[in-house]
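For clarity, chains are labelled A, B, C and D in written order, and residue numbers in each chain start from 1.
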Amino acid sequence: MSSYLGKNLHISVFGQSHAQAIGVTVDGLPAGERVDMVQLQSFLDRRAPGRDATATPRKEADVPKILCGLVDDVTCGAPLCAVIENTNTRSKDYDRLKDVPRPGHADYTAQIRYGGFQDVRGGGHFSGRLTAPVCIAGGIAIQILQRRGIEIAAHIRSIGGAEDRPFNAIGESKEALQNLKNKKFPVLNDAAEEAMREVIVQARAEGDSVGGVVECMVTGLPAGVGDPMFGGVESRLAAALFGIPAVKGVEFGAGFEVAQMRGSENNDPFVVENGKVVTVSNHAGGILGGITTGMPVVFRLAFKPTPSISREQASISLSRGAGETLTVEGRHDPCIVPRAVPVVEATAALVLLDMLLDAPAVWKKEVTE
Amino acid sequence: MSSYLGKNLHISVFGQSHAQAIGVTVDGLPAGERVDMVQLQSFLDRRAPGRDATATPRKEADVPKILCGLVDDVTCGAPLCAVIENTNTRSKDYDRLKDVPRPGHADYTAQIRYGGFQDVRGGGHFSGRLTAPVCIAGGIAIQILQRRGIEIAAHIRSIGGAEDRPFNAIGESKEALQNLKNKKFPVLNDAAEEAMREVIVQARAEGDSVGGVVECMVTGLPAGVGDPMFGGVESRLAAALFGIPAVKGVEFGAGFEVAQMRGSENNDPFVVENGKVVTVSNHAGGILGGITTGMPVVFRLAFKPTPSISREQASISLSRGAGETLTVEGRHDPCIVPRAVPVVEATAALVLLDMLLDAPAVWKKEVTE
Amino acid sequence: MSSYLGKNLHISVFGQSHAQAIGVTVDGLPAGERVDMVQLQSFLDRRAPGRDATATPRKEADVPKILCGLVDDVTCGAPLCAVIENTNTRSKDYDRLKDVPRPGHADYTAQIRYGGFQDVRGGGHFSGRLTAPVCIAGGIAIQILQRRGIEIAAHIRSIGGAEDRPFNAIGESKEALQNLKNKKFPVLNDAAEEAMREVIVQARAEGDSVGGVVECMVTGLPAGVGDPMFGGVESRLAAALFGIPAVKGVEFGAGFEVAQMRGSENNDPFVVENGKVVTVSNHAGGILGGITTGMPVVFRLAFKPTPSISREQASISLSRGAGETLTVEGRHDPCIVPRAVPVVEATAALVLLDMLLDAPAVWKKEVTE
Amino acid sequence: MSSYLGKNLHISVFGQSHAQAIGVTVDGLPAGERVDMVQLQSFLDRRAPGRDATATPRKEADVPKILCGLVDDVTCGAPLCAVIENTNTRSKDYDRLKDVPRPGHADYTAQIRYGGFQDVRGGGHFSGRLTAPVCIAGGIAIQILQRRGIEIAAHIRSIGGAEDRPFNAIGESKEALQNLKNKKFPVLNDAAEEAMREVIVQARAEGDSVGGVVECMVTGLPAGVGDPMFGGVESRLAAALFGIPAVKGVEFGAGFEVAQMRGSENNDPFVVENGKVVTVSNHAGGILGGITTGMPVVFRLAFKPTPSISREQASISLSRGAGETLTVEGRHDPCIVPRAVPVVEATAALVLLDMLLDAPAVWKKEVTE
């Protein structure tokens, strides 16, 4: 149980940061689904670095090569495999990382787990770069969901102390959600962008990094998706979302705030609107008993600050069993949160498509407007 | 993918609140492990209701009957199945719940998911009562882990606005952790108990309920347990923990606070202490790259206020497609957080034992002091 | 990966021969399916021993107690758990089996696998008795499949050298299949019964046992069920069927005979009959590329002779590391093949219902004649 | 549940016959295992076609490109992905196959399963070509097993009516097994080769094809590997082996012959030899109760004759709903059995390595002679 996931839609992610390639296999995609390659590339570009002062200057050409699974850009029922070749891999001497683990990185734990055989170059299989194949698979899932009226959109809820306004949990306009996807820096309140950028630029100037929160909303999901206990929407989304590097917290609906609420506040009253059952508020985040209510599914993820900072840090030499100082070299994002936004959308899409494939009635309904 | 979980240690939970019985099957327990039945019953008693003014007055005799899997109280390698018979099930007319769903409950989502065939009596399979079998399985896992020097202890971090002190993430004394397990109201700072009880009593007096946070610490785990991506400790714990009813958020280490931290603050510097690699702080909650560092694993869960409140609430009649008011009758916990503490420990134990069975070197080491 | 099985329909079998109970949990049964308890009991009775001279004189009351999962005999979507209490368990001293393993039994392998902690009484978890819970789960699955026009029927193809006629692979009349289910000794050609019984009686008279072949046919399956490679019908059926104790071979369609055939013989030509695509012959056993063709699915299983024979056999004493002779005491079936027939049907039903739940279009179609 | 397999060692196969590439991802390989690339290529060459008159004249360059998972030819703990690019793909017009399905092929079932979107070129994902990636993964597993003293060797047991001698089930000399691996036409009795080749040449001359049986032996497995019921060695091997195209039967030990045996014949008496527990005969094929006995594991697979024959065959036009004749063009193996031998070995190696990873004590023991 490691770099694979899913029941009906089975994804298997592979690659190390400096291996010949990284990629993903997706088994179980329904046949007959067209993949719009231009739209997929646009989606991947949202994750790509190297665009401005708030991101790493590395240039990675995240152009996926789809090896199989499509015939004339339409899924054929066979597993789809896509790879991204690693071209920009300066594999200088990484050996010191085996001896002097970087604080906050997986260097030390990988050393123990793999007995020193792990690939340390660029973080190996633990690199954030592995989110690119997740985005390929998820980008395809998003297109399939959209055809059925399901939209997934995320925004930067906060970076350090700078905050965007939260989603309105009972729903956002289609335009608001669509806008987010067209923004390089996806926030609902444009004023937030400048404050956030400043936080990032400041951190970088100080040789430091900063964390943040991503908030995601899924609209158009029918009621009745999910299973009780460990098969609930929260369980399955969380299992996948915690697979995104740097995520340290996941919450649904009102999340940790529920701890301070009264039942009379937190319970979302039902009403019938235009013949449809809805709730007046949505503290449940669209999920009751692990099953969707038909209201938007809303969740937030906490991302820790990138552990790679240019400041000198205290570590140890494993061989000498003694203290050592360390300066992480190379070009690093002072904040990965903006680039994480499409990764969150992609991961959610994979889980939700997987779950919808359990719900035949829903699955069949293709929106054709 | 529903009421079962696990790879090496496979648990399958069954039962409805008012069915003849509830129970659990555990497949994959290593053979030769003694189950101390008295200790197990004490553990289950921590979850049991009916003890004082802050809990429901129902009396459930959570005495498990172990049908198989043991020979003379020692695991024999065959699946263990334990059941608790439901004796105190006043199955009055629950049919109205199919028509008028209780806000905050799974009544409506179950109705959609199961086409009206769900068991609505007492919440059916969605009842918090289903955490009892989880505690049987987890209580056994806890004994097995303890024999290997691994301790799991949780406390009530907060109820409403009343707070206990947080765990010291780099470790608590063995006594402090042991004390928690002997308390009916497990808090680190005894002064917190009164404040919390007051919050609960107040909510009950107002016909309302209140939520809270449970914090859990696992000590004695070796470094190197876990796998990258979706097989990480966070992913696997979260998938299980979100299966506990009422949980709306899970965070590890510094959790959502990381979003406001700088890398230089959040990174935990390595040092060598008595020949052992440790970290000076533990914002990572004992997990880097999904793999244990050897420091305590620390996580928190947000529990929503019990949706069952005696106040009148707004709902709808599904048959009439129109508004309706609803008063939830019966005896209900105004706050389930105290009773949730052992459930959190049990759930974590199941996941961690499962993961340790992947780590043979660790597994073999039985502590014999 | 042990005593559980399935993707959409997850079954988990528990119990030892002389434990307090044996049973099964079935998670994923669609809600709203009526279980006819009388029909289920009749099905279980087909597996029960103690009926005549060809079976063991033990009397086991295979009356299942359904603990949960049904409301008024209708599935409610929650896991169903059924147990059979073990009443007739003469637990005399079985300890010698730990030292002197019975040839052909799992005594020795269980000793190694479970380090001597296994339950040896009556074969423990390896007992053929564990097929009773499989029949409960499968008996329910059979009812669900029948409602959709899918029939599963098996017969004794051979016992020792005595043979029944084979199924006509392109189909048998509904009556022929139905007849099999009403027979205590299910053969197509009634003349075969006497010869078979004689083989069994002869073996018993000589303190010996005898093996046989069971052949199974499934009609009414639509074309298009199954997945390529390891998700094929053959793979999934075989994985389950080899879980039945004593099975040493599984073959589909023409089976091992294909090895001697030419392609021109073995290929089944397609024709259109009454607007439906069928094949003229059915050497494929209704499966091409792991996917159903719409023709009957046909397969056979080889059962070894019961290892429990009353003749003296050569074995060893593990403690002394030296030879020892052994006489298996107790009452044993000289041939388990007749009782295995419903077990084969039950096992097949569980796998096929699981696979059909992947095929929504098929699933929805309920036959209402 | 389709083109992936395994619990600890998870393989995921991808590709279609005429897609850009085929390949495999292997997740869970233990770190620190050297992959001898020359030995791997030799192994793959055993599966390659185009060597003599008994095989297809196509030339496929089965040279795997390992994209990740190795550092300096040593496993690093990250998933290994290997691809083979398809260079020799004459993608002429295959559209007719969608309308006129080839008898014995998956054309028709894929058409139904994938609604006409399947890749028909060269058999798509159902092509025997997909066994090449299985051989890459399995070839690596074989090297890992060999280091622990476990050998897997298969031979052609029969082709049509021409037979090789069977394995001696209690064991073959190391040389005999090693010899098989060095033969282009792996038989134990060299005299069998000529007879078999004649059968193949004759079939080809008549525009026909022929089936056969492959027998496989695994030596060096310790006792105690496997789990009861559906986790048994037979269940898990069979699930994988039936994933090999054209397999219609799998049997272990004495296999279908047990049906005609008496218990006194079939039971394998235990004896102690040189302090080791062995059985005098091995009708059990090294497996009792699903768990290894320590004796060689022996099994056989029936392969059907290649459905692609150059003779005219009867089929139908799906669009016209009427009969049609068909001649399969292209270059095809008149008998795939010789090429299937390494595929069987590879598949078995993957399953057994997966199962051994559950058995830590065994796993650790590396043979260092």
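Just so we're on the same page, a contact is a pair of C-beta atoms (placed from the backbone, for glycine too) under 8 Å apart; a residue touches a chain by one contact, two chains touch by 3 or more.
Bear in mind the structure is a predicted one, so any value in this text is a computation, not a measurement.
Enquirer: Which contact partners do chain B and chain C have in common?
Expert: Intersection of chain B and chain C contact lists gives A, D.
Enquirer: Taking each chain's centre as the mean of its CA atoms, which one is farthest from the centre of chain D?
Expert: So the chain farthest away from chain D turns out to be B.
Enquirer: For chain A and chain D, what's the span in angstrom between their mean Cα positions?
Expert: Chain centres of chain A and chain D, defined by C-alpha means, are spaced 38 Å apart.
Enquirer: Quick one: chain A and chain C, Cα centre-to-centre, how many Å?
Expert: Once rounded, the distance between the two centres reads 45 Å.
Enquirer: Averaging only over C-alpha atoms, locate the centres of chain C and chain D and give their separation in whole Å.
Expert: Going by mean C-alpha positions, chain C sits 27 Å from chain D.
Enquirer: Enumerate the residues of chain B that touch no fewer than two other chains.
Expert: Residues 2-4, 7, 13, 78, 110, 113, 125, 228 of chain B each touch two or more of the other chains.
Enquirer: Residue numbers of chain C touching chain A in their complex, please.
Expert: 7-8, 78, 228, 358, 360-361, 363-364
Enquirer: Would you tell me which residues of chain A are touching chain D in their complex?
Expert: Against chain D, chain A makes touches at 2-4, 10, 12-16, 19-23, 25, 27-28, 31-32, 65-69, 71, 74-81, 83, 110, 113-119, 124-125.
Enquirer: Applying the document's contact rule, which stretches of chain D touch chain C when the two form their complex?
Expert: Within the complex, chain D touches chain C at residues 1-5, 7, 13, 101, 103-106, 108-110, 112-113, 125-126, 130, 158-161, 203, 206, 208-213, 223-224, 226-232, 234-236, 238-240, 242-243, 245, 247-272, 275, 277, 279-280, 283-285, 287-294, 302-309, 311, 313-316, 318, 321-323.
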